[in-house]
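In order of appearance the chains are A, B, C and D, and numbering begins at 1 in each one.
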Amino acid sequence: MVVILHRNATEAQIENVIKHLEGYGFQTHKSIGVERIIIGAIGVKPNFDTRNISILDGVDEVYRVTTPFKLAGRNFQETNTVVKIKDVEIGGNHVVMMSGPCSVESEDQIFHLAKIVAESGAKILRAGAFKPRTSPYSFQGLGEEGLKLLRAAADQYNLLVITEVMQNEQIDLISRYTDIFQVGARNMQNFSLLKELGKISKPILIKRGIAATIEEWLMSAEYILAGGNKDVILCERGIRTFENYTRNTFDLSAIPVVHKKSHLPIIADPSHATGIRDQVPPMARAAVAAGADGLMIEIHHDPESALSDGPQALLPSTYLKLMDELRLIAKAIGRTL
Amino acid sequence: MVVILHRNATEAQIENVIKHLEGYGFQTHKSIGVERIIIGAIGVKPNFDTRNISILDGVDEVYRVTTPFKLAGRNFQETNTVVKIKDVEIGGNHVVMMSGPCSVESEDQIFHLAKIVAESGAKILRAGAFKPRTSPYSFQGLGEEGLKLLRAAADQYNLLVITEVMQNEQIDLISRYTDIFQVGARNMQNFSLLKELGKISKPILIKRGIAATIEEWLMSAEYILAGGNKDVILCERGIRTFENYTRNTFDLSAIPVVHKKSHLPIIADPSHATGIRDQVPPMARAAVAAGADGLMIEIHHDPESALSDGPQALLPSTYLKLMDELRLIAKAIGRTL
Amino acid sequence: MVVILHRNATEAQIENVIKHLEGYGFQTHKSIGVERIIIGAIGVKPNFDTRNISILDGVDEVYRVTTPFKLAGRNFQETNTVVKIKDVEIGGNHVVMMSGPCSVESEDQIFHLAKIVAESGAKILRAGAFKPRTSPYSFQGLGEEGLKLLRAAADQYNLLVITEVMQNEQIDLISRYTDIFQVGARNMQNFSLLKELGKISKPILIKRGIAATIEEWLMSAEYILAGGNKDVILCERGIRTFENYTRNTFDLSAIPVVHKKSHLPIIADPSHATGIRDQVPPMARAAVAAGADGLMIEIHHDPESALSDGPQALLPSTYLKLMDELRLIAKAIGRTL
Amino acid sequence: MVVILHRNATEAQIENVIKHLEGYGFQTHKSIGVERIIIGAIGVKPNFDTRNISILDGVDEVYRVTTPFKLAGRNFQETNTVVKIKDVEIGGNHVVMMSGPCSVESEDQIFHLAKIVAESGAKILRAGAFKPRTSPYSFQGLGEEGLKLLRAAADQYNLLVITEVMQNEQIDLISRYTDIFQVGARNMQNFSLLKELGKISKPILIKRGIAATIEEWLMSAEYILAGGNKDVILCERGIRTFENYTRNTFDLSAIPVVHKKSHLPIIADPSHATGIRDQVPPMARAAVAAGADGLMIEIHHDPESALSDGPQALLPSTYLKLMDELRLIAKAIGRTL
């Protein structure tokens, strides 16, 4: 931690700041500059609330100089984490596709779509059985019945399953059916849930909150890692900005930033990021070009009848054409898909 | 719902839009303007996903013309909701103070502060026993032991209790000790939790999420109201903006807006909104001047030793002086405090 | 400047960083902490682009430790700047009102409103003759004819004038008619204009840009101060947030923050901040309670016929009632109005 | 315009709304729905301030149903605008590169870089001679001397020139040296400047403001188009969000959105969007994959000595390697580069 004092801080104020820092367990080191006095405070306290110092008289600014996350950072682990589930590796050179409908709606629907997913070369089937909806009056998912159908469809076509968990009480149930747990954007800081997911042995995909910084997102990953679960996958799905012509703003620069700051894999979800079908293909292509380790794409063979998010689902034909373009782009940057 | 077509939409496109609207159960009504064709779609579907229409060929824009919330709106109830607990009324002419430390830390601490709260004329004691913290390495609260101390201190000084709930499994436990449940900003869209709180018979104070619109906030209130619990209190606690010199931006204009759109009471929390002690008094005064139905204020007699949020806690002496100023401002606008 | 190195930065990388810092003219000072190596870089370079160091190999983070503004800061001048024009002081204990219509529209209109402004006890008449409008098809102001009418109306009722300047070529012309120049939010970073205004001898009121941080706003004030013009007044007028129920979000916490960081006076404009008449009185009251040195309020006796911003103009009767409330609130915090 | 009334609006209120609408020149049409009364107001008034109606008693919400821009929209012109300068076409199938340093710094520098730009296959040389800087103490550009050097270097290597204009008084001077005028993000709503640029006969590239919506950006283009200059190019350069690990957030979804709403070409500037050299290549690749009509890229052979924005400049070797990747990605989506 670095503490910058006012230009005309008094001796008594400087001593008071040092006394406080030492009281909090820091070693201190004073530097006198041309214009300012700077006190370096050394010690391993990643969560120290720097406001405790910034409110002291004579203090101008305080900078924390360690990132608040540890296990999620490159300083802790230099090599990339590769999450392995059977023959699928997330975080390696191969770009991994997670495709499927927004929600499981019926046996026919999920088997039909699982077949298309398998034929496209994707290895992971996505669909929700418990749905977080802004309105209490909207479709809330099929629950356990949906989980059973999802697992059966995936098994039929030799696919892995990813599905969303919303609360602690659902973990045991969902664990019986899924290969990967998904934490939605609205639950990114549901710390009770993150703690419980840190105790289990299946991979967790955690979506970025709509107004979360990358640092906060990595802190949420840290909750899971600190519990002992090392298989964390990040998923960029768009952040809120002032723009109204899109549902969210897809922050693709998060991809190179996460790759620099963290060893965890990062995938991208252009379906939720844009919210409108015809923007999904250009943004999917852009995500692969930017270096995403995978994509999560919503598809539906009859989107007008979909019970949730039909307008952002790709038709199977568009999806299959997109897969061809994505393979060319992956190849252009030395990856496979 | 109102559907605006492209200037040069074809007859076939117009008919297709009408067919879809009728398929979704709307009555339609076509108006031909100077430049545009407009289709009015009439029917009670507050949660209809308008993107289902906006993606049809020939459609330019679609406007939902009903608010998505019902029970929370003035259209449902014109008179103000007044939440009554014993002799305290929240939402009436009296401005209600909820004061106390961020966290319960010890018996001495909470009894000491409860005494000050009672002497100041406030009727409600606030303090957390379960704390949502960004870092897994930070103090997470005293749990049930904290709840017991909080209740005992409040009873000693004839105060009501408000404390935070973070997950469904805590509801029964907390219910034994608190008068009002608080839902934190990060849980504003924890829909599982909101549903459970809709089933109980104690008032719920729901804080605004850091990037939530007022409409989304009222939708979260709607989840509780729809469950049957009518005693919902809103609490503005600052939203995230680009400004870094403050922790959050206190959105005081939310106060007159909520009073116009909703019948629910709204209080304000200048402590979390600013995050720094010396900004709390001016913002507390501003909140009362803007028409808040109450304030939530953090105080601590030894903030440098506080286990959480010490830098934003007012010293008792500052707090008591502030109370005097607030009473003058309340009087200037015809209220008591 | 403080440079934080990677935990496992090599000796060669550390030396390279030091070589670069010295090449840029800094003295350096190396501290070895438990987990990190920190290099302090000392020297007076407020505008040094810290990215020059952050991109070097082995560097984790770089913190600038001086504020980029100098003349605008409390470190440069501890006592408050009080802008004096005839018998009016802006930045003293008296809260100054600047009232009037959005635009000068006609002789009748401006004389009628100037009379009301004078009767209310305000000393400054506000109105625009050159209007920045989002659309090229909207009313753009009366130009010089408007300036003449504005000056004549102000002289008739013994008021000062404040009006907006949009470009360098208008400065001479407007200078003949106004007492205070106003720079609008969209021109806050029109650096050419700010430089020219730094050369003149009349006070400049500079509004905060809709997405500007307080630091950027003070840097814009710095452009004017650096040119030699010391009479700068800041005006908070709302910032853009995700909220759609209000036109802007009035950032009242900017008031105590500016008072802490800068010696310049700050006033508040609740009319533009809210954009809707019935939100102006609560926000005006809140601004005075928060410590604003003045208010800018739009009024109109026939707002339905106003050529710009009629919906946010107060009717004279509402305005006069508000003035009474504001005087009580000013008194509650030891000021006059 | 569509006006939604309160559920229990009185007859008198409804009549008053209709009277006002007709007074403003609209034809009206009343529809009675299950829950609400809706009044359609028909007439060509793209700039009507809808707040004039929303403040009337009994009114719940008002929707404008025409876009505020006309000339910039697809409704006005269905086919893409292709800006032609000599043998270069911007907005066609070929992706156009605009490369060069941030600022002209010296004869050696600009000739050296112009040679690299030409060898890379790019056709347009970018560099600034007048620089908008946040600080009055930073390098402000070489002025006319810079323009002369820029023109000479471009002519030597058969390149076109693009450079920034900051104020009306510079237009004539810059016009003698440049092929394309650039309007910076901070001047996107400098309406005086936009009006003047509407009167000239050279193409204008207009960058998106850091907090501007796409609609506001198109309105700024509208100012130029309305003046008679049809050659407008849009440039996405990143918007401000809460993320601090990047300088700005590159909004690539603006590319498909602009292509849908407008006929104007849109290019992308990954250098300013990210602000850090190592994020430029992934974001440049993503922009082409998303469908950008061109890229603006900053390069420098000695970025550590650059007088502005060195940290975001690509080294020539990285730039040339990037060009190869971009050509493969352009090919993958059926374009050339």
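In this text, a residue touches a chain if its C-beta (ideal position, glycine included) is under 8 Å from a C-beta of that chain, and two chains touch if they have at least 3 such contacts.
Remember, predicted model here, so these are calculated numbers, not experimental data.
The minimal number of chain-to-chain contact steps leading from chain B to chain C is 1. Taking B-D and C-D together, the pair of chains sharing more C-beta contacts is C-D. Of all the chains, the one whose CA centre sits at the greatest distance from that of chain B is D. A separation of 30 Å divides the Cα centre of chain A from that of chain D. The distance from the centre of chain B to the centre of chain D, each centre being the mean of the chain's C-alpha atoms, comes to 38 Å. Chain C and chain D have CA centres that are 26 Å apart.
In chain B, the positions touching at least two other chains are 211, 240, 242, 278. Across the complex, chain C meets chain D through its residues 20, 46-47, 49, 51-52, 54-55, 68, 132-138, 166-169, 186-187, 189-193, 195, 210-211, 216, 219, 222-223, 226-227, 240, 275-278, 304, 308-312. Listing the residues of chain B that touch chain D in their complex gives 2, 4, 6-8, 29, 31, 33-36, 38, 40, 42-44, 60-61, 63, 65-67, 75, 240, 242.
The touching residues of chain B, when paired with chain C in their complex, are 211-215, 239, 241-246, 249-257, 260-261, 273-274, 278-279, 282-283, 285-291, 325, 328-329, 331-333.
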